[in-house]
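A, B, C, D and E are the chain letters, set down in written order, and residue numbers restart from 1 in every chain.
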Amino acid sequence: AACGNGASTEEESNTGSGDSNEEETALEGSVVIDGSGTVYPFMAKMAENYMTENEEVSVEVSRAGTSAGFEKFLVAENGTDFNDASREIKDEEAAKADELGIEYKEFQVALDGLTFVINKENDWATEMTQEEVVKIFLAEGGVTKWSDINPEWPAEEIKPMGPNENHGTNEFMFETIMEEKDFVDSVNLQQEYSTLVDLVSKDKNAIAFFGYGYYDSNKDKLNAVNVDFGNGPVAPSLDTIGLDDAAAYKPFTRPVFTYLNVGMAKEKPQVLDYAIYAMENAQTVASETGFAPLKDEVIQESISFLEGLK
Amino acid sequence: MAVLSDRENKKVTNIDRDGNQVDNKKIVYDTKDLNLWYGGDQALKNINLSIYENEVTAIIGPSGCGKSTFIKTLNRMVELIPVVRISGDIRYREKSILDKSYTVEDLRTKVGMVFQKPNPFPKSIYDNITYGPRIHGIKNKAILDEIVERSLRGAAIWDEVKDRLKENAYGLSGGQQQRLCIARCLAIEPDVILMDEPTSALDPISTLKVEELIHDLKKDYSIIIVTHNMQQAARISDKTAFFLNGEVVEFDVTDKIFSNPKDNRTEDYITGRFG
Amino acid sequence: MKYVNVEQVQKKMGSRLFANNLAKGLFLLATLFGLVILLTLIYRVYTDSIGWIDFQFITSKLSTTAERAGIMGAIAGTLWLMVVVAPVTMFLGVGTAIYLEEYAKNGKLKSIIQTNISNLAGVPSVVFGILGLTVFVRSFELGNIVLAGGLTMSLLVLPIVVVASQEAIRAVPQYLREASYGMGATKWQTIKNIVLPAAIPGILTGLILSLSRAIGETAPLVVIGIPALLIPLPDGIFDKFTVLPMQIYYWTVDSALVAEYANLAAATIVVLLIVLFLMNSIAIIIRNKFQNRF
Amino acid sequence: MIEKKRSSTNLTSVTEKVMPKFLLAIATISILTTLGIVITLLTETINFFKDVPFLDFYTGTILNPLGDDAQFGVLPLLTGTIYSTVIAMFVAIPVGLMAAIFLSEYASDKVRRILKPILEILAGIPTIVYGFFAYTFVTPLLRSFIPALDPTNILSPGIVMGIMIIPMVASLSEDAMSSVPNSMREGALALGSTKLEVTWKVVIPAAISGVIASFVLGISRAIGETMIVAIASGSNKDFTFDLTQSMQTMTAYIVEVTGGEAPAGSTIYYSLYAVAMTLFVFTLIMNLVAQYISRKYREEY
Amino acid sequence: MAVLSDRENKKVTNIDRDGNQVDNKKIVYDTKDLNLWYGGDQALKNINLSIYENEVTAIIGPSGCGKSTFIKTLNRMVELIPVVRISGDIRYREKSILDKSYTVEDLRTKVGMVFQKPNPFPKSIYDNITYGPRIHGIKNKAILDEIVERSLRGAAIWDEVKDRLKENAYGLSGGQQQRLCIARCLAIEPDVILMDEPTSALDPISTLKVEELIHDLKKDYSIIIVTHNMQQAARISDKTAFFLNGEVVEFDVTDKIFSNPKDNRTEDYITGRFG
């Protein structure tokens, strides 16, 4: 079905290219986005904004998780147009794209800080060192009770939790933060971020990790752990995870991405148009949805790439 | 016992045929060694009867003797019951209707039926009457109107319903419903009309009306009527057949049956000694 | 000699009567338990929805901003889904029922179909979702559009319509069929002109009940995949769609993310329950109006 | 006139011949549906068992479908399913049966006419609504009694599932009890029985097949119930026996995996079918058992 | 008419009482101006009857005259029908049973009942008999066994079933089932046994057995039996009450009723002129 679609729209864009100034021709069709749950609020907002300006285009946003999303992105037919990701594409995934002949392009859309959240009633673990907080999640960390970290803390079982392996956040934690060492057995991995928010907000001994945005919209229910990277505790915030190369929360930050199927962007003008729109508005939408905005240069670079596809 | 009654049946039939050739009437129905089983139970045993044109033939007998079964065999309605098996022959207008090649729909168009309980369709009076003509392909409104009036007049109910043809037939009284059913039957212009205790669900006044109607219909149709009511049989029929346990005990001109039956089982039944 | 000692009987009588009265109270409580739950549920949902359910909510499209979000898309999706489910189940359900009641002989085939239908009624809806995903969405390459969802739902609710139609057809008195046959009508003419018109109220009741089941089902649609955010209204059965229960699902799950989503979910539930209540009322009215006509 | 028309209606006779075949074709759709389910499930399940040995699947206590060292043991899901079903039946059987007894034996006609439709309304509420109710109301309520209860746990959805099944048990049991002839009740009452004794010793034993069939159908329904557990019991795949914890049922696993849209061809995608197959077989057996029970004992009196 | 029959009732009762004081028997049941309505329809009108110990009292009358209603009033079984209203008084062993304070369960333990259609429980024969004793608290197996044997012997069915006590009662023939029901009733050692046409569903041989049984039971129990069958009433009862349209037309020693009825409606009924 995708091929048939492609052929007809290609024709349209060819005839359209004769009078190239007429950019205002109403776009139509659909844009299909799946992938990261972390990026979902950003993308959903973006899509909504876009559709208020382009009523004939339908932008569908799902949030299967980064990895699961890549599986839907990298298929021979009927793949998604964008895959949101909270980590970079893996080698296997890139190889699969080659194999299928899918040309893709990675775009950073915002910056996120991995945030460790605890229950409001947890008044002891509000500050931890980078090493301490990571140890909780490591199988070899040897930590099961709070008192294992600090003898003054309660001798109660810690309940570590986080998103499951569908999610890029999980992989970022595992690969970058935990340096590919195994998760502790007791870790409770969930599909839905909302479940995690709920679990932590209701359990004094819970600690979970996820993107800053999910903490930001639940500040009334959760507290974030202030992490000491060597220069005193740092609270995650748009500033500390942000722009500046020297941002204080830097070790736990990561860019979040969306991957564009370039073939689709060439075939379907609405996909390309949406991509450009998303880049142009990335900074604004990022701060609205709990991400730190990217630097102007990064944005400009992406936009000029996309303009080149026209 | 079976042998005995068998012999008697033959005799009855012979006498009957002879008696009627004088009248010079044509035979409408003729059954030959008709047997019928419901699964393993035999309900009709060696029935040999000849039924003549433009006569009213009454079938009488005690409950369960096979009257309804017999009359339903004549338009092959018994076939609706899956366990039924039939042997022997039934000739209608000299063609064997038990033959596969004889279409039942055709037969039933020529042989109308009126049931014990009035069974109008839950439709308007008009639609009840036109049901038959329509399924047989008549669509012209004027013709249908004509048929409705003629049939209702024929069933002596026109005056009572002519102003409410569009009303539901369920609004009629039991007796009116039964005459409507007769009218519905007339609408397909049948040759024979079968009636299975058509008045048993009706009050005496309605019964009288239907009896009068049957009397009138005799001019144009051959009528076979099952009845429980001996008086009724005596009043309206030309011939009467007395059934017992699935056999025809006696078949003769009604007057003879009631005044001077040959078989004493007939006499016992008529005088109310059993049944 | 007497074994049944009058005094002993008397003595025991008190405790037996007490047990009886106690049990009666208990049984009444158990029956009222359902009522209490129903009231609690409605009360909870209603209070959560206060202030959220208004004209704007019904007529707006979906949005990530709770204050602006509406369920027009879900309503449209639900309606389009019905456009598929109603004719398909009606056609398949009534056809099957006619076959079983009027044509099938009492034999193996009939009992296989009949047993199969009652088993199908007990297959979990999520399994129908997998069937829909595998057959309609993937093999037929329909994608997760209204048609695929509708066909899945149709199969899911098919047993309801079949059983209801069978009962309705069986309730048409045999004497009406006989009257029709008696006038030379063929079997199909009799079915078409007499049986079906007389059975139609029962069939409609079954259809409405099956539609209300389809309107409330979520699991099969989760399985065939409905986007979390789909703003444009579907224009036909080949469009992607979302429905009321899916919206309830996403909003409930996301309520930890944006607390107000719980209110949106509650408001959607109120709308859904009102729709179902109306549909069931219609079914009951039809049933009562046409009961005992023969 | 009719005579003439009659012979020209060839069309009717064609319709007459075609219609039964056409309707038979429609009727077979329901069989095709079942076949479709079985074939779909079976094909991919076989593929699954090429990757994961049969025994490992059914005896494995570790379910970790996504990690690098993916493991597929279905026992955590089975315990989750069995737990939620058992909890549900602990609610549905006693309450449903008692309600049935009340409606059939104690209630006056008028009371029954009011109460039965209410139960029917309860039966018509979509399960997603029950899921919302479990998650936003019953769980918090239970947590105020049982502080150790996790925010997602198997107990609360189990209870709510039970509530959802009450009408089914009540109405089917009531049907069975109402069909016990009154002469039986009169016989017992005339011996000086109280109503309770009549119910317990005569009516229920006489209706036992229908009553048990209603329980079995309730169990089948509980096993297949999806949205309540998907919302309220979380997605913990640990092999645990602690009902205050989150547990995943087979149905919830299916929702999670399809919601994450596992790509065709991966083991996790096939696992979906293996779990669905298991679920299907479970409920099929329950339905057949219920049919067998009610058929076997139907002609008792 | 009501006045007339009222007067007659009184007379009957007086004569009856007088007649019986000679016998020196005690009164078991005594009804006083008993009236009963089903909703708006009065089914019993001013019934005044006295029933004596160790006698068989037959209730006869045409269908719908209130026989069943009357007998079911004696153990308050009519209360199961919600629309029933009762006025007047019924004294059983000198206590008013219509009183709220009188527990029905108690009454029904003393007053057994046998129904028209045999209604054994769908349990084993043994469990049928022990049902009553068990609910009254007898648990001892030996005693229960003893009760079973005695009751079955008492109902003249022991020999037929003694080897199959554990089998389901539904395996018995109709007549055996009815005697089982009588045995079940005997097991609670009642004082009075009410029987509502206990033989009407049975074949002649079973009927005979039950009649013989009733004759034997008279020694130990007071029996009130409703019957359609005049011969039966004549054969087995000591007294007979003739009901008509909810009234007692005549109540007297059976021989008198059948040989020399006072009321000509009674005579008409007994000679088969109506009913």
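The definition used in the following text is that a contact is a pair of C-beta atoms (placed from the backbone, for glycine too) under 8 Å apart; a residue touches a chain by one contact, two chains touch by 3 or more.
Quick caveat, the model's predicted, so the values are computed rather than measured.
*Asks:* Any chance you could name the chains that touch chain A and chain D both?
*Replies:* Of all the chains present, those in contact with both chain A and chain D are C.
*Asks:* Would you mind reporting the rotation angle for the C-alpha fit of chain B onto chain E, rounded to the nearest 5 degrees?
*Replies:* The superposition gives an angle of 175 degrees.
*Asks:* Using only Cα atoms to place each chain's centre, name the chain farthest from chain C.
*Replies:* Result for the farthest chain: E.
*Asks:* Roughly how many whole angstrom separate the Cα centroids of chain D and chain E?
*Replies:* Chain centres of chain D and chain E, defined by C-alpha means, are spaced 50 Å apart.
*Asks:* Approximately how many whole Å separate the CA-defined centres of chain C and chain D?
*Replies:* 15
*Asks:* Where does chain D touch two or more other chains at once, residue-wise?
*Replies:* Expected reply: 6, 194, 197, 259, 261.
*Asks:* What parts of chain C, by residue number, touch at least two of the other chains?
*Replies:* 16-17, 184, 186, 189, 225, 253, 255
*Asks:* Mark out which residues of chain A touch at least two other chains, giving numbers and ranges.
*Replies:* Residue numbers touching two or more other chains: 62, 192, 195, 198, 201.
*Asks:* Which stretch or stretches of chain D touch chain E in the complex?
*Replies:* 108-109, 181, 183-184, 186-194, 197, 201-202, 205-206, 300-301
*Asks:* Quick one: which bits of chain A touch chain C in the complex? Just the residue numbers, please.
*Replies:* Checking each residue of chain A against chain C gives 1, 30, 40-41, 44-45, 47-48, 51, 55, 57-63, 78, 192-198, 201, 214, 217-218, 221.
*Asks:* Quick check: in the complex, which residue numbers of chain C touch chain D?
*Replies:* Those in contact with chain D are residues 16-17, 19-20, 23-24, 26-31, 33-35, 37-38, 40-41, 44-45, 48, 91-92, 95-96, 98-100, 103-104, 112-113, 115-120, 122-131, 133-135, 138, 155, 158-159, 162, 184, 186-189, 212, 215-219, 222-225, 245, 248-249, 252-253, 255, 262, 265-266, 269, 272-273, 276-277, 280, 284.
*Asks:* Which residues, counting only chain E, touch chain D once they are in their complex?
*Replies:* Spelled out, the residues of chain E in touch with chain D are 75, 77, 80, 82, 105-109, 112-113, 115, 117, 119-123, 131-132, 135-136, 170, 181, 184-185, 188.
*Asks:* Sort out for me which residues of chain A touch chain D in the complex.
*Replies:* Against chain D, the touching part of chain A is residues 34, 62, 64-65, 67-68, 71-72, 75, 164-166, 188-192, 195, 198-199, 201-203.
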